[in-house]
Structures are given as C-alpha cells and as structure tokens.
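One structure below.
Lettered A, B, C and D in written order, each chain numbered from 1.
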Amino acid sequence: MTRWIALLALGVLLLLPIGVGPYPIRVATVIFMWAALAGSWNLLAGYAGAVDLGPVVYHGIGAFVTAALMLKLGLPFLVSAGLAGVVAMVIAYAVGTPTLRLRGAYFAIGTLALAESAKQLALAWDRLTRIPLTGGSAGVSLPLSAGYVLFYYVMLVLMAAVTAAALWLRGSKFGYGLRAIAENDRLAEASGVNIHCLKRRVYVASACVIAVTGGTAGYWLSYINAADVFSASITFQMVVMTLLGGLGTPFGPVVGAAFLTLISEFLGTRFVYHYLIAIGVIIVAISLFAPGGLTSIFALVRRRTEATA
Amino acid sequence: MTFLADLIQTLINGILQGGVYAAAAVGLSLIFGVSGILNAAHGELVMLGAFATYWLSTLYRIDPLLTLPISFGLLFVLGYALQYFVLNRTLGRPLLLSLLVTFGISLVLLNVALRLWSADYRLLRIPYLERSLVVGPLILPLARVVACVVGIGMVAALSWLLASTRLGRMIRATAQDLEMARMVGVNPRTVYAVTFGLGAGVSGVAGSLVALYAPVEPNMGLMWGGLTLGVAQALTETYLEAGLSLLVAFALLYLILRFMPAGIMGKGRLE
Amino acid sequence: MSLLEVRGITKRFGSLVALNAVDFSLTEGEILGIIGPNGAGKSTLFNLIAGLETPTAGAVSYRGRSITGLNADAVCRLGIAKTFQIPQLFPRLTVAENVLVAALYGRGRGLTESWREAREWLTFVGLADKAEKPAETLTVSERRRADLARVLGTGAPLILLDENMAGLNRREVEAAVGLLREVRARGRTLVVTEHIMRAIMGLADRVVVLNYGEKIAEGRPADVMRDTTVIKAYLGESYA
Amino acid sequence: MTLRSCGVRWLAGLLVVGWALTVPGGSFIAPPAAHGQAKEFKVGVAISLSGIFSRDAALLKEVYDLWADTVNRAGGLKIKGTGYPVRITYYDDESSPQKNAQLVERLATSDKVDLMLGAFGSSVVFAASAVAEKYKYPYISGAASANPIFERGFKYVFATLNKTFDEVEAAARVFSLAQPKPTKAAVIGADHLFGKLSAEGFKKFLGEMGIEVVHFEIFPVDLTDYNSIMLKVKRQSPDLVFVGGLFANSLRAMKAAKEVDFTPKGFAFSYGPTVPDFVKEFGKDAEGVIAASEWLPSFPFKDPVFGSAQTFADAIQQKYGHAADYVQAAGAAGLVAQQTAVETLGLVPPLGEKEREAVMEQLHRQDIQTLYGRVKFGADGGIVQKPPIAVQNQGGKFVMVYPAEVGGAKASKLIYPLTPWRSR
C-alpha cells in the first residue's frame, strides 16, 4: 500500500513539468532540494541518533568541487556533481572516523565547530594553497544553465533516493542496527553492533547526497561563495524542516520541506513585512501541539478514526 | 620589548572580549545544563538586552550602567514567561524538540525587533566611558574594561547563587536528578522557569554590556549568540593573519572536543 | 584449555583503584559466581571483559586469543555477551526487536533467521506474549528476562550476568535460577555476579570473592563461605 | 505500520494541495494576472527586508518608494501622452541568494511584472541577475558594484555605481593634496566581495602614488573584535588608514580606532561614513573622515523625475529624516534610466518579452543626464565615465575634496591632518 502510494506520487511528480509553468516547477525544485538535504540529515539524526550540526560542510564541498570540475576540466554537469559526491564521501570517511566517536552533545558541538572551520578554510583556501578553487570571498561564477527542468529532475531523484533509503531502513538489518544505536548506543555495542562502522556508513552516504545537492544548487544559482554555501543557516533549515515534518520518519523531511517552503511562499507574498513572525508562531504551535512533527498529526487522526470505527 | 607589549596587549584584548563572551555563554549553558534546552533564541535574548539598555538610556536618560539591572529584570520576566507558558509544555519530549520551539521563538523575537526598530545601527554615546586607560605601552578601552569586569562579576554572582543559595541548590538538584527533586518537594516547572529567567537575564545583561561599546541592531544576535572563543580568537589574530583566526579558533575547539571532552562542558546530555 | 583467562587485570579511575591485579580462569560449561560487597569491582570486571571499558593493566584472553582492548561489539561477536546491572533496553523498539538486534548483529544472521530466533528466546524466558509491546512498557522483572533473552540472542557461548536477580522476590529468584540452569544445559558458560548469596550458592560451581578491587578468595561456594576473610569482608571486623 | 503509511498520505495530501496552489489558473501562489487591459506598470522587487542585508537594502527601498510616489504624483509614466502609474510589489529574500532567485522567477513568470528593480548585496544580485537574464528583464542595480558581476557577458544587467575596484580611486588620490606628504599607509578590508575588492583598489592606487603600504590585511566578516587589528595598524604608525568594507565594517573599524586611541592623519573608507547613521552615531569624532563616493547633493545635476540633486536630497530628508546617501542617488539614477527608456520607446503596459528586450537595447543605447550625473552604460552593463569622488565630513556635512571639480561643482579644501580623538 505504502509503496504504491509513494510510487504513484513519484509518477505524478515525474510528469509534473509537462503541465506546469516554470515558477511552480522552481518552487517544487526548491522543496525537493530541501527534502533531499533534510532527508540526508534525518538519516543520521533520526535513524542513527547522531545530531550532526555540520552537514553543510558537504553542501559546500559539493558546490565547489562541482564548480571546479565544470570550469577547470570542462566536465559535464552531471558527471561533475557525481564526482563531487564521491569526493565528499572520501572526505566524510576521513572526517567521520574520528568525529563519530564523539557522543551526544559533543558530537553536535564538534560538528558545528567543524562546519565553521570548513567555512573559514574555504574562505582562505585560495590564499593559503595558491590553488584557485573557492575564489575566496569573491566566490565562483558558473555558466548559465540551459533549462530548469534538469534541476527539477536531479533534485527529484535525490529526494526520492533519500526517501527510499529511509523506507528501506525501517525493515532492514542495517536499519535495526541504526535504530538500536539511536535508542541506546552502549547496549547496541554490547549486542554486537559495530556502531562506528554503521554510523560512518550513514554519515558517508548522507555526505554524498548532500554534496550532489549542493553541487546542483550551485550550478542552478550560477554563483557560489563560501560564506553562502557553508552557511550555518542551511544546517538550521535542514534541522528545522526535519523536526517539523517528523524526525526519524521516512516522509517527515519531505513534509517539513514542503510545508515550510509553501507556507513561507504563501504568507511571504501576502504579508511581506510580518510573515516571518507568523511562521515563528506556527513553528512554535506545531512543536507544542504535534511534538512528533506534522506526520504525527495524521497518525493521531488515523488512530482516533480507527478507535471510533 | 614591543614583542612583550604586543603579547600582553593581545592577551588583554582576549580577556576583555572573553569576559563578555563568558557572560553571553553562561546563560546558554545554564539553561542547557539544567533543563536540557538547546536555546536557538539565545542570540535574540542578547539582542533584546542590548536594545533594553539602548532605549532606556536614550529615551529616559538613564545612565547605561544603571540600566543593567533593569535589562536583567526585563529579560528575566520574558525568559520566565517563555519557559512557563511555552517551553514547559515540551518537558519529557525529545531534546531536539526544544531546538524547534526556540527556533520559532527566535524568528518571532528577531522579526518583531526588526519591524519595531528597523535594521538601523545604533551606537550608545557614553562620554565618560569613551576613554582608554593607558598603562605604559598598553591600551585599555574603558568601556570594554567595564563590560568585562561586569561580565565576569555576573558569572561569579551566578556561580555563587548556584553554589550557596537555597534557590541554587534547588536548581542543581533538579538538574541532577529530577525524580529526587520532585520527591523532596521541588516543583520542576517553577525551577525550570526560574532557570530560563536567570539564563535569559544573564544573556540580556551580556547584550547590555555589548551595547556599551558596539553597535546595537536586530541582527546582532547572529554574531553574539555564538560560541565563546575570546582568547583563542584574539591570540591568533595578532600572530596570524586575522583571516585565519576564526579557522584556528574553531579548529582548536574541535580538537578540544575530540580529545578532552570532559574538560569543557562537564556532562553532555544531548541524546 | 580454559575458555576465559583473566590475568592481573587492573582498573584505576584517577586515584581510585577499582580493580587490582585480579586473576581467574574459566572452563567451558562452568557456572562461575563472582561475589563481593557493593563497590567491590564486580561490574567493572564485567565491563573490562566485555570491552565496555579498557583495563589500566592486565590481559584478558578468550579461547587462547587476547581480547584486551577490543571494542564491545567485537568482543560480543567473538562470543562474550553481558547483561547490565540496571537492565538495558532499546526502549522504543518492541521486545522482539530488542532480541532481534542481538541475533542480527551478535550472531550475524539474516533477518528471517533472526526473527525466528528472537521469538524462540522470548518463549524461552517466558516473554512471548509481550513480544510486540514496546520494551519501555515492561516491568522490572520482565526487563531482566528481556535482557537475558537479548544476551542469549547474540548466540555468545560465554554469558556474563551482572546481578540479574536483583530486585526479584523469592519466587522469581527461584525461577531465574532454574532458567539459568537451563541455559547452561544448552551449552552456555556463565559468569554470574550476585549479592543474593542464596542464589549463588545453589547455582555456581565455583565462586571468586572480590573486596575493594582485590580477589580475596576463590573456591567451591560452601568452602568460601567458611573463609574468615570473606566473612569479615561481608559482615565487618566484629563478626569475625 | 501506522507511521509509514500516514506519512505517505500526508505526502499525497500535500501534493494535491501543492498542485492546487501552484497550477496556473486556479491558484493561490500564482494569482492570475489581469492581462490585456492593465492601466499601470507592475514593478517587482525582491530585496532583503530581513537578514544581514536588511540595513543596507532599506536605503534602496526608500528610493524605490520615493520614486513610485514622485512618479505617481506626476500622473505616472508618460507614454504617448497618457499617464500610467506604477505599482511596486516587494518580496523579502531574507538576504538569501537562493530565495531571491526564486522570487525573481516568481516576479517574472507568475506575477508577470513589467519591470524589475535591483536588490542589494553582491551575492544576491549574482543569483538574481542570472534569472533576470533568462527571462529578459533589464536588471539595474543601484547598489551592486562588484566587478565579477559584469564579467559574465550578461546583456540585461546594469549598474549605476562605478565598479568597486575603481570606485575607491579618488579616496586614495585625495591624499596627494595632503601636506606634509604622507609616506606610509595601512589598508584593511573585510573579507567579502566588496570589502576585498576595495581594499585591493586602495592598495593599487597607493602604490601608484608612491605611498608605502606598511600593513595590508583582509579580516573575516564575522569578526567581533576589531581592536586587535587596529592595534596592529597602530604599531606601524602609518599616516593614513584605509578601510575596505560595508557600513557595519566601517562603523566597527572607526570605533576600534577610537578605542585604541589611534588617530591617523587621514582616515578613509570605501563605504560607510556617508550612511546617515555613521555621522549621527560618531558626532564630532566623525569630523574629517573621508569616504569614497560618487555623488553629493550639491552637484549641479538634474533630471525630469526627481529634479535636481538637491531636491532629491531634500525629498529624502523630508520623507525619511536623514541625509541622502550616494548609493540612494545611484539607485534613483537607475530608476530614471529605466523610466526614460520605457518612455522613449513609448511602451504601453503590459510589457512582453519583446518590449523588455527593446528596453534593454535602449538602455545600452541611451546617454542621459540624471540627478546623479551622466548615465551611459558600457557593453558589459557597467556605467562609463563616472568620475569617482572623495568626500570628507566637514562640520557634520560631506563635501567633495577630490577631484578639484565635477560638473562645475568645486572641491573644498582637504582637512589634513586630523585632530586626535582625545583633543576633540
């Protein structure tokens, strides 16, 4: 049942660009982009219980590596973005090995510091290494892309991949291992779960998706600079969207991304000066009345209906 | 000689900066330590404190230093109310939920401030603080010295309060063992509200201190709400190029966390 | 060849010596009791063997292979699993999933196989009816049994039970002792810490007595209980 | 499993709602535009009403509002004898390039505005101009001047400010008038596009003048303590100090100089002092600071929209209670240029793609006078032949001190060296 609805939704989304103008497609692309980013974060935080406050590192790496491969080596976009994903995986493996040994709040603050270091390093990179890569604060300008439909599909695939991964985690051996780690990492370890290895796999996989998303977003915007692509506000948005939709649920990030994007679109174009205040209030209200996220409201309604039926 | 003077001056800059940082940070960590709340609105509390001082001394001609207790009081009430009416409803929920709630609160506070007071930069003119103490080759801007001393004093006062008063014992008991605290008759909801009030008050005063020497504007929380890196930052700034100072500071922080976690924060409770 | 060899194992926490040069060994199929007053170092000893903590000095070997300094998960997969003094669970997984994780990872089986095993062990400890309940809803004595089922689920031949009977009433203790005998009959080797003497006396083939981190006696339970050093350790100087 | 399928239904529900909101025709998000009989020019702007650029963007928004008022009071844009009023739609980009690009796309394809106005902030303008280029909207920024924006071969991007690197020239060259002749200078710049470029500009022009740069440093934007940097500068005891940065950086650098009690003989900024808050906050301490600029109210420039430079400045003063900044004048010039192009071509709203293309070509072609001076765009969209000037705060007002004469306006005498802070 689940699978069918999800596939149906995917089918509709695949055909969407046919009937709709460029703007709704852009909004949809933005939603997919955030859903892919938030979904990647959800894999680690929601399933493996590791609250990463520095996922934006791979967003930035993805953006700059994609840009460098396109500009310096003249590779096509999709190849560049794919390779950027691979580069991010290698870096994530090296960085994740020591970092993932931090527990709880230390991991959160450690990754936050990591992200800030990465941003400063990216800003200083060209001056320090004399290898032009990030353009320092001047950033890097990319060629204008041909169309918008490409980005729509790339982001859609990324979102679908992350969501499929989350769905797969729910019933698989790997997923049970992760949930065990999230619930009680010492006990998981004592039960034979190699927690570092499992966490690292998720970390590396989510770094890959985040990097490809970052590379795609950079090309889409046609201009990147370190302060923007390594911005902590991207991390924040990922966290907020996931929590809003439902942490540790496969569709939570998608729902959160769609909700926040659409509500800010809807209110932002009507109440230009006050919509952010309203959104703040809405976020507070949702977190108080549906602490499990928006997806939990439906679960509740469903349970009630079943109880009365 | 100049080398030594430079070194001492650098350390002093770091300490002066660090005193205010410490005051700004202690509010954040008090709330996290006691109630387990990750306060995403911390920077906004600092900003509100700065505005409190700015408006009180601009509109009502109150001496900026005398506004500090008022700023504390206002922010205490705000913090108490936020915890009592909003955050207490998230008790017993996953920790990350507090991050979401406080993020919503920060959006509200920041944008209300932006609409009320616009994004203008405002600088407090305090003639008697606009001087520097000059000791030999060393320069100590008076406003910063005052801010630092008050900041450190406030951190000390807070530690005293936590260590030696009945209220402090209640707060610590609640932080350590909620069940136990309940059994001896402590109402955790009230304690959490008082704690958030104290944390907010201290953050507000930190903002007021910043207002003594730096511009006040709604977005300032982004800059001041963050991490406490005073000395490390200033040190690397003089001896390396400034562009690297933040890199080094954050890298240092990362290494410290990685290799000696217990040293910095005591017990991490984010699960 | 002995199944487990512990040689000169020492653990210091700062200036506190939790364990000081403790030796003992274990043969396959045995039930070894480890007794001693609170704070004698029993849990620390278990944590060191299971890889949850690293010893300051000394060595542990299992089936002739050194396991000192291995991570807990590696130790578990090699064949040593432990329960916790305060029974640990994955609170929001179901009881069956708790055991499932152990079977999946401790034993390294596939999903279908592991589900079957998880249910088998739950039936064995008498929790079959709770299999689909979230683990956090269990009572204390049920938690202990779930913890036992999880440890059995890992398939580890050597099982360390850390005060698995604490907080149980007399009837439950008897049932637990019977269950552990049955576990041994199924070919597992057990190391049991316990303060409830009665339980240990009827269960263990041999006991090791710890006091303030030192081994003060070792032998058959009945002999050890007549040892004056042991009596002193338990009851204080005046009773000796 | 309950949670699993519930998520799916949510998703399905959202999709339906999302579809309903976004499909053209029956929609919330894209309210159907009343095409055909539009009697007004719909003008769209995505600008930072919140976030880090909100202070600077507010100055630009003031000009846009003033323009709409002024034009509408005069009966609107005059096309073939008929007046068409303008209506501006603002969107908030929250200082995010991503969001700005999205909103520009909305303005172009869903709101179908006739004209677009520029945003503030180089990174934002980068993202926005790429979308504007795609949909063929002339995009005139009165506030973005970073050189790389004009190196992309776009046809629809224009700027009325000089490119950053050149803009600071006069603020450096003015010290050739100083007596005694300065020999040593320090240059510091904030690490963002504008700050860095202007610091590099200062360095280059000082080199040409034979003044030694004894300290050059680019510092991170997030820096909260400027005292350490200013102390390093002080230890070198340069005659001149140059700061490359936006308003906030300049404010903090000035404050730090006071705190470490260092008064250079000459103190120049790429941007900041001319923002009204600066002089207001520093009072007499701001006396004598030099800023790179391109315009002053006293310049003898005129246009049919705002009148003279002085009347524009008076209008800003009256409406918003502060002196006009040159970036505001540059913004106004952009508006005048676009309006002139539309009026010259006699285009009646709504403007389609072809009409906007014509506007773009007209903008490249035309050579007009505005309150800001001559506006003629080069092939890359940058303004040509605009002499940068240096202004100095003398008695609470900015006066031109370099070059000797612009469009007939004479320079005042440079105050040099500055009086130490402590003796003021």
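One rule holds in what follows: contacts are C-beta pairs under 8 Å (C-beta built on N, C-alpha and C of every residue); 3 or more make two chains touch, one makes a residue touch a chain.
Predicted, not measured: the structure shown is a model, and the values here were computed from it.
Asks: What is the minimum number of touch steps required to go from chain B to chain C?
Replies: Minimal hop count between chain B and chain C: 2.
Asks: Using C-alpha centroids, which chain lies at the maximum separation from chain D?
Replies: The most distant chain relative to chain D turns out to be C.
Asks: Of all the chains shown, whose C-alpha centre falls nearest the centre of every protein C-alpha atom combined?
Replies: A
Asks: Using CA atom averages as chain centres, what separation in Å is found between chain A and chain C?
Replies: 43
Asks: List the centre-to-centre spacing of chain B and chain D in whole Å, with centres computed as mean CA coordinates.
Replies: A distance of 34 Å separates the two centres.
Asks: Centre to centre, by mean C-alpha position, how many angstrom separate chain A and chain B?
Replies: 30
Asks: Going through chain B residue by residue, note those that touch at least 2 other chains and give them in order.
Replies: Only 110-111, 243, 246 qualify.
Asks: By the touch rule stated above, which residues of chain A touch at least two different other chains?
Replies: 120, 123, 273, 276
Asks: Go through the chains and record each pair that touches.
Replies: After working through each pair, the chains in contact turn out to be A-B, A-C, A-D, B-D.
Asks: In the complex, go through chain B and note every residue touching chain D.
Replies: Within the complex, chain B contacts chain D at residues 2, 6, 9-10, 13, 17, 110-111, 114, 118-123, 125, 130-132, 134, 139, 141, 143-144, 213-215, 217-219, 222-224, 233-234, 237-238, 241-243, 245-246.
Asks: Please output the residues of chain A touching chain C within their complex, sorted ascending.
Replies: 171-173, 176-177, 179-180, 183-184, 186-196
Asks: Where on chain D does chain B make contact in their complex?
Replies: Checking each residue of chain D against chain B gives 50-52, 54-55, 58, 191, 217-220, 222-225, 227-229, 231-232, 235, 247-248, 251-252, 255, 258-261, 277, 281-283, 422.
Asks: For the complex, which residues does chain A have touching chain B?
Replies: On the chain A side, the touching residues are 45, 49, 51, 98-99, 101-106, 108-110, 112-114, 116-117, 120-121, 123-124, 127, 236, 239-240, 243-244, 247, 273-274, 276-277, 279-284, 287-288, 291.
Asks: Which residues of chain A touch chain D in the complex?
Replies: 1-2, 5-6, 8-9, 12-13, 19-24, 26-28, 30-31, 120, 123, 136-139, 141, 144, 167, 170, 217, 221-223, 225, 227-228, 233, 246, 249-252, 254-255, 258-259, 262, 265-266, 268-269, 272-273, 275-276, 294-296, 298-299, 302-303
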